[in-house]
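Down below are the structures I want you to see.
Two complexes, one shared chain (subunit A), two partners (subunit B, subunit C).
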Partner chain A sequence: MIIIFAIDALEYEKVEKFNCENLKQMHYGRTDISEFSQPRTMVLWSSFMTGMNKEKEVLKDGDKEMWDKKWDIKETFFSEFKNPVVLDLPGYSYDKKVHDKSRELLKKFFETEDKKEKDKIRKQYNKDAFEHHRKIKEQFLKAIEEKKEKHELVLGYFSVADVIGHLNFGNTTIMKMIYKELDEIAEQISKKGKLIILSDHGMKALGMFGDHSEYGSWSTNFDTKLKKPKITDFYKLITELKN
Partner chain B sequence: METLKMENLKFVIVGHVDHGKSTLIGRLFFDTDSLPEGRMEEIKAICESLGKEVEFAYVMDHLQEERDQGITIDTAQTFFRTKKRQYTIIDAPGHVEFIKNMITGASQAEAAMLIVDVEEGVQEQTRRHAYILSLLGLDQVIVVMNKMDLVNYKKERYKEVKKELLKFLNAIHIKPTYLIPISAKQGDFIAKKTDNLSWFKGPSVLEALDTFHVKESAKKKALRFPVQDVFKYDKRIIVGRIESGTIKVGEKIKILPSGEETIVKSIEEYEKKDVKKAEAGKSTGIVTKDKVFVDRGDVITHTKDLPIITDTIKAHVFWMDKVPFKKPERLLFKCATQEVMCGIEKIERTIDSSTLKLISKDAKEIKNREVADIIIKTEKPVVVENFNNVQELGRFVFQRKDTCAGGIITDV
Partner chain C sequence: MVTIKKEILKKLEKRAKESGSFKNVDEYINYILKQVVDKLEKEKKEKKKQKPAYSKKDEEKVKQRLRSLGYLD
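Right, the complex of A and B next:
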């Protein structure tokens, strides 16, 4: 089984800082996303699953509308695998309702001047993110353990580091708790198959908040020849793993 | 402002890396209500959201965060309070930092807590850290047997580990003031005496700490004023930190090692006029009546009760560098503000700090984590003391590029 632990905004520097040994498997490093004009989540995951730079195609839909994008399985490497499970991936199986709600709360947070209101929004925003995380985690671990269905590939997309990071990146305690949680998941799944841990981009601090950084990160529990790969390089790597 | 007036006791927590130091610190802060409002609730809420038990160790991250943002006043220390006094926990991320801080006087602990995971038992690092406590002469020591919850609070296990540890501590002449079974995670016997350990009749950790004594002020001891620098403005101000004793305007003083004598003309402090005296612990500046030769590294004393001026020192060192010492290497000897090159003339014996086994007599080298009795020969005379008399001039570090060993002077 191929397992892809797709983590939005997993920051390489924080993985090092918080000593997350399981997020750094046999091989690991940064990815090169310099071919893209900006580190956009939808663009990067679309390019990852299709193996092609999809920036123009995604952006022509518009900032808001691009979140409706759904690639056909035939355009992705998922079609190469029997019974794949792809959880919550932007551009493929994304739960738009949940993510729209968090974007809406984020907008409200920055619009209001009222401190109490800000606190209230932040609490709700964080609560929703954690709830969603637990749901995806449960489905992801269940799919990996499922023997009957014989999934050849399981991908779980985890947005918690990105969503929480946008409002709380300067809060080291919260961020460490999240990274340790992701590290524990990596530990749990590291012996269940060929594992690829991948982020679209990282995150940099903007005061107490966080913004996307201009590189992503990767790690595998098997030997690869990757050095500083592009996100599109994983298409070939993954399809070759099947053979 | 109340905090500033309260008595303060500084202590350090040492022990094996996974034996629960961070959790204990987190619990001490939580149980004494010393965390900013809402912070623990936030940690609890996230742990619950992630479906995990509350992790007190995250309090340490919060404290680190405060430091990073410059919220806490002192960058290396954190505070909590009981009804009796304020406590400062000195950060000891590793034994190298701990020894370095203790010896250079950057953060002087008056008491120590040695933490042992009762499930895992005494480890090599536990013994090594205990040895360091004995080396540094710390005699107010609490041994906390942590993680009692993991052994179902069994008295038998506590007694087993206690027996093994006491055997080692006796050998290095540490007599712990208290041995307390605790669970930092569950909060047993930190602030509260819980029923889980009803068989234990001793104090809780906070009760034990409150019985300790704050180190007697060094102001009544002989004057030791190591010179940090000499500033020349319209006056010539000699600055430094008074390690012991009191200096007063009009007093006769001696500058060592030269032995020149003069009189204190004035004491200079920022934005203060007519300062008549300065006491131990104070960083201050003085102006002398005569234009004496004085430089960084000199030590100012009164004319009686003098320290020793020598180039031959007997000492006990703890080597903490991966690269061993081999004769005839030259090292930088640093004691108070004195810095001078030296050699180690003789390595009388080397000992393994965790097993206490004699490694070698009349040794040729000292390896990482070994303790050695040595004779040092400095390139020029230094002003020192026996550690048991005046600690401030009785401790030193050796430096290559970084600190590679720390020690105490046993004889001069």
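Right, the complex of A and C next:
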């Protein structure tokens, strides 16, 4: 089984700082996303699953409409695998309702000038993100535990570090808790198959807030010649793992 | 009721025994938790003194960036 632990905004520097040993498997490093004009989540995951730079194609629909984009399985490497499970991945199986609600709260947070109201919105925003995380985690672990021959590939996309990070990156206590949680998931799945941990981009602090950084990160529990791969390089790597 | 992972509990029991300063592991756990909470509260107080949690300048910058990334209208 091939397991892809897809983590939005996992920051390489924080993995090192918080000493997340399981997020650093046998090989790990940064990815090169310099070919993209900005580190946009939808563009990066679309390029990852299709193996091609999809920036123009994703952006032509507009900044808001891009979140509606859904790639056909035939355009992705998922089609190479028997019964693939792909959970919540932007551009493929994204739970738009949940993420729309999160963006609505983000909008409200910036619209209000009232500090108490801001705190209230932020708490709700964080709560929703953790609840969604728990739901995806449960489905991800369940799919991995199912009979080995059932799914050749299981991918779980986790948005908690990105969503919470945007409003809380300067809060070390919250961010450390999230990284430790992600590290524990990596520990649980690291012996269940060939594991790839991948982030689209990282995150850098902007006061108490978080902004996307200009590189992503990767890690594998198997031998590979990757050094500073592009996000599109994983298409070939993953399809070759099947053989 | 709090659940503690077995492997962590084993380590705590060993450390409590080795220190010889605690009646049992419960007392040791309470001691550790108090230290952690005191430290966190101290850090929180210091942070509050340093600067406002969310500055208007940062907020404007992040708002612009979130718009260009497609998170905000």
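One rule holds for everything that comes next: the second predicted complex is superposed on the first by the 241 of 243 C-alpha atoms of A that agree within 3 Å, B and C clash if a C-alpha of one lies under 4 Å from a C-alpha of the other, contacts with A are read in each partner's own complex, and residues count from 1 in each chain.
Note that in this section a contact is a pair of C-beta atoms (placed from the backbone, for glycine too) under 8 Å apart; a residue touches a chain by one contact, two chains touch by 3 or more.
Bear in mind that the values here come from a model prediction, so they are computed numbers and not experimental data.
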Subunit C versus subunit B on the shared subunit A, clash or fit after superposition: clash
Subunit B versus subunit C as contact partner of A:F110, first or second or both or neither: second
First, second, both or neither for A:E131, with subunit B first and subunit C second: first
Partner chain in contact with A:T173 - subunit B first, subunit C second, else both or neither: both
Touching partner for A:K101 - first (subunit B), second (subunit C), both, neither: neither
More subunit A residues in contact - subunit B or subunit C: C
Which of subunit B and subunit C A:K192 touches, first, second, both or neither: neither
Partner chain(s) touched by A:K120 [first = subunit B, second = subunit C, both, neither]: neither
Partner chain(s) touched by A:E181 [first = subunit B, second = subunit C, both, neither]: first
Of the stretches 79-87, 115-123 or 313-321 belonging to subunit B, the one that collides with subunit C: 115-123
Shared contact residues on subunit A - subunit B and subunit C: 173
Complex contacts: residues of subunit A adjacent to subunit B: 126-127, 130-131, 133-134, 171-174, 176-177, 181
Residue ranges of subunit A touching subunit C (in the complex, touch as defined): 38-42, 63-64, 66-67, 103, 106-107, 110, 118, 166, 173, 206-212
Subunit A-facing residues of subunit C, complex: 40, 53-55, 57-59, 61-63, 65-73
Touching residues (chain side subunit B, partner subunit A) in the complex: 39, 42-43, 46-47, 49-52, 55, 58, 61-62, 64-65, 68
